[in-house]
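For reference, the structures are reproduced in the following blocks.
One chain, chain A, links the two complexes that follow: it is found with chain B in the first and with chain C in the second.
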Partner chain A sequence: MFAPDRSKYPEMVDGKPDVDLDSEKYVKIWHGPQHPGITGNMSLELTLCGDEVVECKTHVGYLHRGFEKLMERRTWIQNFPVVCRIAVPEPAFNEYLYAAALEDLAGIEPPERAQWIRNLNLEMMRLASFMAWLGGQAGAFGQGTIGQWTITHRDYLLDLFEEMTGGRIYHMYMIPGGVRAGLPDGFEVRLEAVLKRCEKLLYEIELVLLNNAVFKARAVGLGVIDKEMIDRYGITGPNQRACAIERDVRKDHPYLVYDQLDFEPITGTASDCYERTVVRYHEMHQCIDLCRQIVARMPKDGPFHQPLPNVLHWRIPPGETYVKAECTRGEKGYYVVSDGSQYPRRLCIRGPSYTHAFPVMEKLAIGTDIADIAGLMVSLHTYPPEIER
Partner chain B sequence: MQQLFERLQALFAVTDFKEQRGDLAFLRIPKDHAEMLIRHLRDHEGFTHLVFFSAVDYIEDGIFRLIYMLHNYGTKDTLGVHVDISRENSTMTSIHELWAQAALYQRELKEMYGIDFPGSPGVDEDFLLEGWDEIPPMRREFDTRAYAEKTFFPRAGRTSADPRAHMQENLYPDGGES
Partner chain C sequence: MPLKDVIAPFYVWKRAFEKPYTTAQPIEERPGAARYRGFHTNDLDLCIGCGTCETICQNAAIDMVPVPGIEAKAGDSGLRPMVDNGRCCWCALCVDICTTGSLRLTNEYIWVSTDPDAFRFIPGTNDNTWADKELGYRRDPGYRLLDYERQDMEMLAPDQGVQSFLEVVKGYSAEQARIEAERCVDCGLCVATCPAHMDIPDYIKAVRDGDFEAGLRLLYRTNPMPATCGRICTHRCEDVCSVGHMGDPVAIRWLKRYICDQVPESEYAGILQDQFPDNGRKVAIIGAGPGGLSAAYYLIKLGYAVTLYESHEKAGGMLRYGVPSYRLPYEQLDRDIDYILSLGATIHYNTRVGRDIELSELMEGFDAVFFSTGLTEPYGLGVEGEKHPRVLSGLQVLEDVTHDRDPGVGKRVAVIGGGNVAMDAARVSRRLGAEVTLLYRRRIEDMPADPEEIHEAQDEQVHFVTQAIPVRVEDGPSQQQVNILWGEAEMVADKAGGRPRPVLMEDRIHTETYDSIISAIGQGGDYGFLSDEHASKVEVKRGKVIANEYRQTGIPKLFVGGDIANSTADAISAIADGHQAAVGIDRFLSGQL
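Showing the complex of A and B:
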């Protein structure tokens, strides 16, 4: 276990370490943006004393495309290709939230079948996103092979998305009023085959990752989030649930058909990197279970879309709303303001990475061994586009 | 939520209460009372979660509308607190002592809208844009197209694929409603 020598710590002045780089006791390095151990296009500016991090500053801006500004200059319907880009591994949550916000403002109620299809889409997306994360988490501790397995299985899920929506990554499938199409013939059978493969993979990952002595030695006790930090830092999702706090938007504010599904939020107690991995691992099993529940109970026919006015000239009544959903990382929300014109007045996206990658990461990194920074970063599960919208 | 508004009305100059849904409402408070109200909501009404903090630019009225979105995990209510501040010399009291992530939102608002939060840690540091010398880009008067045309050089032979222009050309070749 890493045991830092506290006497080498710099003095704290106004809550920040007083680091004199000329003293040659410290060195400053950049972790990212081009680094296998960083999540997406961001970087950490680390100040080290030996192998120990004494200060961490997060830097973003490497992929800033001004999504929120762009969307103010596009019609309501033109924004669908834009919202998908605000979390590349799981764009469906953005599509759903944007569509749900417009429906709330315009007073549109999607048909029941569309709600079930949307819910299936979101749970498949959650599983696919967790697959990408799990590979990253294992890879950050040197187990690169697991990443190859999970990305392969993510691809099986992307094949299903392609069949369902026409797109592998960006679907633009959930539009206001419902979804663009029903499920293809025999989709349920092919989905079940993929879910079985994913289940088998998860069993193997439990053996080689969660029971791996090296992974346990490095992940247990790494990046512990105190309970007091949860509300003070606005932490949500698995990062919060690993701290024995049972909060889940799907349960607390059921949307779509979550109130008709049988599931309980998964929690842990240790609140460290290992516990967060275990919580997400069980949530992956939960995704598979929810997909099966949805397929078994969803209506097989009926309308999947509500007629809309001509979307090229669509004016949404003035007003504002905030809708939210539980994405893989926590509470994701869309705040939308309409002034009655053809364009949004303001769109503000609340992504959980905003706080997880900045204040939380900067706090947890202090005192961590440089070799564990990548594992800690991935265990917080952050996506930079949510920060630099 | 209506009862909450009545309780707040007895203590603060809150106005314009609007219930969007059963679990979502908005209200407005003057700038000088905002920090006290937000502190009261956090400490006495259970709104312990700062969901996000942002601004809307109403250039035609000469104001920025700050929006503090707060959530109460106990009652499962979400409350949006509106605070209107002038666009000229826009400053606001910092709430970085109430939530750790507030300083980051304030740093972003300083860069994107030019709203200052004196005393907020790192508020003057660059957030996304390094070496930006134009007006803050999220202000309504900032023209993204003019900036892009001035700054970047498109490849020769590129044409616009704007679906609105394309559909208008095909559906209404002789003009019509735009």
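Showing the complex of A and C:
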């Protein structure tokens, strides 16, 4: 395990390093917001001593669109096209959670077929999101070619989303009450072809990335998350499972049809950048497997949408609810309050990036080489828009 | 470091020889998926400009704008959506909510233009290449964002209905009314079509909000007889309801009725304004039917002293004497009338102008005169023997029933006609225990009666014989009976393009015996009260008095309204006339007309 020489560190005063910039021993640099190693518009203010980071501070605000407030001024249905923008690379989880929260409050039960289609959509989304991440993870360590392959394969998945939902990035598909349409004809066949291509790619990724001496040299031991940090920092998802803690909302609090699917949460033990990559790599295989299970077992006919009242005047009975789902990066939750009007009283969205990119990143960065910051950041798999709701 | 970790990455060397993944635009085409949400297109002929797309758009990317060549008409605002592609996010909620299904998205997604304004366009009018593309996002029939199904109205079963004169329609429950009110999309096409231009979306909102006092105030803004219209209105609003294009129209009439049913009459005074200024001028109103009562209400609100002259012993006109109580119970009519009269109108009952008092006296004694005397003279059948004592007039039968007199229709009745009077006469006869046959010269779809009346009459086992033309009336086997000869007709297309007309087939004549024949083929106005001098100045064309938009006749201080002056001859038009005449009288007397 990586053991830095603590003697070079500035002294800690009140929990903060005592950095005297005039001493010329330290330098402050901005990592981002346009840095390719940052997964979106976010910035790290780094204080360096030589190559080593002695302090890291996360700055957000470059992507602030005020979603939560904005949604209080829009009707329930008008928020449906808004929520997908809260995590650009994986909008489907937002769509699902918003729909599920409204269905919970309004007492709507989506038809069974809609549940299966939603589940398929979410697992495809997870795979597509991991594809984007994988390219970033490799790219952060200088292996840019891998990103070109994975982004292409993500595009093949987006083609399928386009067919299924009408949109490549913002699907706007899981509308409260169900989904907007069934699967197109022959979709299963084309999905299987893409899944096969993805499997082939993953095999190559294993060779070129997971069994790569350079990658191992840089990723092993980088950004180790202590087991005792997990609950203190609220770490979830693969970041947490790589630390040998088997928690997964899909398994622990099954939603949609996860309780009917055969899968086990994937865990690792080393809890470093490399282990997190391996966990996610196996989760990608798991996504492919779950997609196949769903397609094989889902109902092919039947209603896919439970009729809503006229959405222009849709009022939801007063109440509050919290719904959660396992998104690609961990537990994502929607807290929704209705006061019985046509507008949400409060909508609070809590994504895993909120902790992963803030306190966790700030802690793990200390003692890391400046060159590894990008790799560390990507290994936490954060999406800045989720922080700035 | 294991040797494998150094060698393994080289396994993927083959990728160096792979073809590129990218599409070589513009050599290669990549059309959007069949469901792709690309640029908008709109079927302008199907579109009615209801504006629900504009309402639901959360980006405010849609504006409803006038389009050259498209005129506003009943059920069409004449506006069409213009999409700002700089704001649009292609969520397609506009497509999902479109009440006619005219708006949709195509799968076209590439568009290059040097004109920055070109991105704000009116789908359907532009000559963009995608306008006729078949592929692209449409709402799947398996899902909907509007409620297309009307709440069922509970009614007396037809076999119970014919037993008595109890009101057939029972009214909505609170839950039904709320659900029905939620179906409205607030487009307002109904407002433009309603003769009285009632604030329909607003009072429907009052039902949604459960605020019946606000609802009642809105109703009285444009219609002082809402309890009546909530029951028997011809509801042209519902004919143009945008929700009706893909589902059942919103039950606007029943919602109006629901508001009135929720507010006790005793509370009207506290909810509605009932103190008005007195401007010292006087107006006489001839005829206390819906037109006269409406004029009275709005004139009183404007500060005029109003005196009504009514030839019957009660007010209400055709609503009381022409509409049976199973459609409009007298207490509901009285509720509307009592409130109007309680505001201080003077009314002279049993006073017929022209008989008990001369029009010229009124013209001298009042600042203005409004008359809505209605159509009271039934047309004859126009066949030989029509004066037979067993040939009754539909209006007379209905009036007799109102007076609780037995019209003596007998046990076997033939009703001739296809309008509301014919339906009412037939249904009244059923309630009096008769077997009823209804003869009409055209087809059922040509009948001028309300479709509901036709259906309810059929449900009550009125036997319909269509394409039947009366030829002659003869004495029957006994004094209490009468024979009618009628011939079958064939429908002949009109060469001028009008509606097909029935032509008698001479060889197909039938003879039937009935206890009575009720003639209900229409009625005309009685202008007997106009002196020659007045008559020469008041223009009458095809039985209707001609008036300007303020219902002013050729005599400046004489105003007219109701069935005698409008072509639609229904209660709501008379009420609208009364309101408009009140405005006209006020303008006239203040020198603005």
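Here, the second predicted complex is superposed on the first by the 384 of 389 C-alpha atoms of A that agree within 3 Å, B and C clash if a C-alpha of one lies under 4 Å from a C-alpha of the other, contacts with A are read in each partner's own complex, and residues count from 1 in each chain.
Assume a residue touches a chain if its C-beta (ideal position, glycine included) is under 8 Å from a C-beta of that chain, and two chains touch if they have at least 3 such contacts.
No experiment lies behind these values; they were computed from the predicted model shown.
Undergrad: Specify the outcome, clash or fit, for chain B and chain C once both structures are aligned onto chain A.
TA: Clash: chain B and chain C overlap once superposed on chain A.
Undergrad: Now for A:109: first (chain B), second (chain C), both, or neither, which partner does it touch?
TA: In the superposed model, A:109 contacts neither chain B nor chain C.
Undergrad: A:312 contacts which: chain B (first), chain C (second), both, neither?
TA: In the superposed model, A:312 contacts both chain B and chain C.
Undergrad: Is A:331 touching the first partner chain B, the second partner chain C, both, or neither of them?
TA: In the superposition, A:331 touches chain B alone.
Undergrad: Can A:20 be said to touch chain B (first), chain C (second), both, or neither?
TA: Neither partner.
Undergrad: Could you tell me if A:358 is touching chain B, chain C, both of them or neither one (first, second, both, neither)?
TA: Only chain B; A:358 stays clear of chain C.
Undergrad: Quick check for you: in the superposed arrangement, does A:304 touch first (chain B), second (chain C), both or neither?
TA: After superposing on A, A:304 lies in contact with chain C but is clear of chain B.
Undergrad: Touching A:152 in the superposition: chain B (first), chain C (second), both, neither?
TA: After superposition on chain A, A:152 lies in contact with chain C alone.
Undergrad: Looking at A:207, would you say it contacts chain B, chain C, both, or neither? Reply first, second, both or neither.
TA: The answer is second: A:207 touches chain C but not chain B.
Undergrad: Between chain B and chain C, whom does A:78 touch in the aligned arrangement: first, second, both, or neither?
TA: It touches chain B and chain C both.
Undergrad: After superposing on chain A, which stretch of chain C overlaps chain B: 2-10, 20-28, 38-46 or 56-64?
TA: 56-64
Undergrad: Quick check on the output: what are the common chain A residues between the chain B footprint and the chain C footprint?
TA: Common interface on chain A, chain B vs chain C: 75, 78, 312-313.
Undergrad: Along chain A, where are the residues that touch chain B in the complex?
TA: Listed in rising order, the residues of chain A that touch chain B are 60-61, 64, 66, 68-70, 73, 75, 78, 104, 229, 231-234, 247, 252-253, 312-313, 319-322, 324, 331, 333, 335, 337, 345-346, 348, 350, 354-355, 358-359, 363, 388.
Undergrad: Can you tell me which positions in chain C touch chain A when the two form their complex?
TA: 1, 4-6, 8-9, 11-12, 15, 21, 32-37, 52, 55-56, 58, 89-93, 96-97, 105, 137, 139-140, 142-147, 179, 182-186, 208
Undergrad: Under the stated contact criterion, what part of chain A meets chain C in this complex?
TA: Within the complex, chain A contacts chain C at residues 74-75, 77-82, 145, 149, 152, 155, 159, 162-167, 170, 172, 175, 177-182, 184, 204, 207-209, 211-213, 216-217, 303-305, 307-313.
Undergrad: Mind pulling up the chain B residues that touch chain A in the complex?
TA: The contact residues of chain B facing chain A are 20-21, 23-24, 26, 48-52, 54, 56-57, 67, 69, 73, 76, 78, 80, 99-101, 103-104, 126-130, 137-138, 142, 144-145, 163-164, 167-168, 177.
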